[in-house]
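Two complexes are shown next, each including subunit A; its partner changes from subunit B in the first to subunit C in the second.
Coming up: the complex of A and B.
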């Protein structure tokens, strides 16, 4: 079965499920609003003291924040719910139900869940990015927009790969929810451009948890900082992560022994 | 009184033994929590350096000290969550606890205090590691040490009272997550968790004096990191006692009304 068709069908089911609970949209909006407000206050406090942070001006950092919110929405709507379900399936032995279906198991476990209302964050992120672009007062050229979208997509793919690899650890150690907590903590580091962090942390945020590529690089595309080398490097790394994630997944699957399902 | 002391000691012992068994899980959790202060620390150290080495009275070394002590204070601030109260009320698990000849809050306080002992022990190597990396500047007198020790437990009690009150809103309405998130947002700004309060605009600082948040976060950290006079130190403890008393009074008041509302079965 075509994985894209599969994903589309699950997306529709997830959406219809969630659309039944419309009040959740407002609750989500309020939560995003609180997060946005605290983020803006943080920025205001910083720019009370200085007019740039490690070379980034206020509207540029606003752009970073917008991308961070947007990508957070992508993670929480499409990536994290699937991976959490996978963890529970491994723990409970119910992964059997997915494995016995006539579709590629990796594709299937990656698309089963979709939290529609979390897309509120994507929307709010886009608004913040829009405001940032207006404040930058130099607009975006067509090529920049293309690079921005490409960087976003590569970043999302890399984050998915890392999530899948981390979740696959569950095949060996079963309890991984604490690792997820660690990942969330590190993702929060993406609120600021990775350039401000000390070397060891920047390396971790680039290769272990590719927050650098998921948030900073798209923001660089918007603010005229992106070089074609970085773009090519991102492409190479995306492909590498995809292969690695596939290998880890297949290897982990061999350790799955089912349980009671 | 004696039965309370015995209950507290026994309950703390149980939770200590339980939580030591899950030390790896506890550690991952604590390491995950370190990301947040490290982010603040890096950003504010960068700003201090850009400003010629000091901002709002803090040098990078002072920021390092602030955010390293932050990690322990944050851990002391973890109490039974309002989401736990929501679950307890919604699922009817509270019914079971009502059977006990003691207010359920005692069990919460005792259990989490025992856990805190484990957390403090686990925190020590973490603090050593952060100290090695970020090179904080500390200048601690024994008096500050004593007040700090009292203040982190005071913070723990204040926050227990506040979050229990918050959680008990579930007795009246089940849509509580929005209220909780709003509360946590306010707390983040007004407690000193985001930045030391001295970096906030003057009116925010004045406002925070009349609210409990600062006494659970900024005050305990400042006892160790700041330069408060003996009088200020003990006045701070006095404020903590005041807020604990206010919290406890409200709790018993709300509890009496709430328990009449409670109608869940099962648990």
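Coming up: the complex of A and C.
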């Protein structure tokens, strides 16, 4: 079965499931509001002291924040829930159901869950980005918009790949739930452009947990900083991550079939 | 090659870390880990023909589930050959998976918070079942299992038995040719077990499906399976008709009698198993059955007497304990 059709069917189910719980929407709205407020306060504090941060002006940093919120919404609505379910399935043996379906197992475990209300973050992120663009007062050209969307998608794919690789470790080491916390901590670092961090951390945020590509690069696309080299590099890295994730996943699956009882 | 399932010399060994109890041993095992080879399945061979219902019997850890998992492609065999419908299960080809199903009585796949109907629809999508066929099969199953009033309720509001029925419907919507059922009636009450059993029997009849089932409940096996395969410690102890199993392994028969005078001492005729409402059950070695019956009839005033084979449960118990001693 076509993975996109599969994803759509699960998306429908996930939506039906979530729409039953209206309260979740309000809780989510509250959480997003709190996160947004702390973000804005942090930004205000920084610009009380300095005029720019590693070359980024105030509206540009607002754009970074918008992308960070948006991407956070994508992670929490589509990536994280699926990976957490995969971990639980490995733990409880219910992965067997997924593996006996006539569909690519990786595609299947990647689309089964969808948290509709977490899309609030995506919306709020878009609003923040919109505000940032008006404050930048130079608008965005068509090419920039395309580059921005492409960068966002590649960033999301890279994050998914990293998450899948880490989750695949569950096939060998059953308990990996702590890794989710670690990931959240590292993702929080993406609130600022990776350029503000020391080299070693920047490298980590670029290659280990590609927060740089998920947040900073799309923001660069918006703010006219993005070079075609960076874009090509991002494309290459996305493909590399996809291949790596596939390999690790298949290895994990092999170990699951080879040893588990 | 007409067999649906054909297995030869199939084996599955696991390596499990082994250590003694205690903190010191666990620290030592961090650096110097010792492994033990566990032979979950140790060279089994059998064939199953189309439309057959075969029961797998064996105590916990006998290798039943491991065998089912190798058949459904979840586990790769250590050695030996498996072929189902001409496919090698371990490749998990989509064409193969579309024709089989796996039901695990202690695990569920339905979405907890949604009505089962929605999960059924998901199954349709995943298996790519044509809509017409899907609706027909779904409604047929819903009617057979009398689920009409329940399919719109969220699964979490259903009882264990109702949920299991839904699980089975979901697992069979794509009309699989081969069914692997691992303890499908575990934890259910007797009525519910009976319903599920008769449904499986009906499905087997209507679709000429091949069924391999494991169960701890002898009633399941007696009702569904003409043929049983008994496994113990990963090896096959018996493969054949259920009635032959009883004949071959049972060493005694059960005499049940009503006496005019219920207080007579009977222990010199055989082992008294129970004594209720004037009815006594005696366990007598098979070879002596006719002799004991004759003695009872001539010595005492007997109102009624029946001779029965030992209950299958007891026979199975005996099989395993005999082999344990050997």
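By definition in this document, the second predicted complex is superposed on the first by the 256 of 261 C-alpha atoms of A that agree within 3 Å, B and C clash if a C-alpha of one lies under 4 Å from a C-alpha of the other, contacts with A are read in each partner's own complex, and residues count from 1 in each chain.
Keep this in mind: a residue touches a chain if its C-beta (ideal position, glycine included) is under 8 Å from a C-beta of that chain, and two chains touch if they have at least 3 such contacts.
All values derive from a computational prediction rather than experimental measurement.
Colleague: Give one word, clash or fit, describing how subunit B and subunit C relate on subunit A after superposing.
Modeller: Once subunit A is superposed (C-alpha atoms), there is room for both subunit B and subunit C without a clash.
Colleague: I want to verify one number. Taking the Cα centroids, what angle sits at subunit A between subunit B and subunit C, in steps of 10 degrees?
Modeller: If I round to tens, I get 90 degrees.
Colleague: Is A:3 contacted by the first partner subunit B, the second partner subunit C, both or neither?
Modeller: Touch status of A:3: no partner.
Colleague: So in the superposed three-chain picture, is A:20 touching just subunit B, just subunit C, both, or none of them (first/second/both/neither)?
Modeller: Touch status of A:20: second partner only.
Colleague: Between subunit B (first) and subunit C (second), which, if any, makes contact with A:46: first, second, both or neither?
Modeller: In the superposition, A:46 contacts subunit B only.
Colleague: Quick check for you: in the superposed arrangement, does A:34 touch first (subunit B), second (subunit C), both or neither?
Modeller: The answer is first: A:34 touches subunit B but not subunit C.
Colleague: Does the superposition put A:92 against subunit B (first), subunit C (second), both, or neither?
Modeller: The answer is second: A:92 touches subunit C but not subunit B.
Colleague: Tell me the contact category for A:103 with respect to subunit B and subunit C: first, second, both or neither.
Modeller: second
Colleague: Who touches more of subunit A, subunit B or subunit C?
Modeller: Of subunit B and subunit C, B contacts more residues of subunit A.
Colleague: Can A:59 be said to touch subunit B (first), subunit C (second), both, or neither?
Modeller: In the superposition, A:59 touches no partner, neither subunit B nor subunit C.
Colleague: Please give the nearest C-alpha separation between subunit B and subunit C in the three-chain superposition, to the whole Å.
Modeller: 10
Colleague: Flag every residue of subunit A that touches subunit C in the complex, lowest number first.
Modeller: So the residues of subunit A in touch with subunit C come to 1, 5-6, 9-10, 13, 16-17, 20, 92-94, 96-97, 99-103, 105, 108, 254, 257-261.
Colleague: Taking the touch rule as given, give the residues of subunit A at its contact with subunit B in the complex, in rising order.
Modeller: Touching subunit B: residues 23, 27, 30-31, 34-35, 37-38, 41-42, 45-46, 48-50, 53-54, 175, 178-179, 181-186, 188-189, 191-192, 196-198, 201 of subunit A.
Colleague: Inside the complex, what are the residues of subunit C that reach subunit A?
Modeller: Within the complex, subunit C contacts subunit A at residues 14-15, 40, 66, 69, 72-76, 90, 92, 94-95, 97-98, 100-102, 104, 107-109, 111, 113-114, 118-119, 121-122, 125-128.
Colleague: Using the touch definition from the top, list the residues of subunit B that touch subunit A in their complex.
Modeller: 25, 28-29, 31-36, 38-39, 42-43, 46-47, 50-51, 55-56, 175, 177-178, 181-182, 184-185, 188-189, 194-195, 199-201
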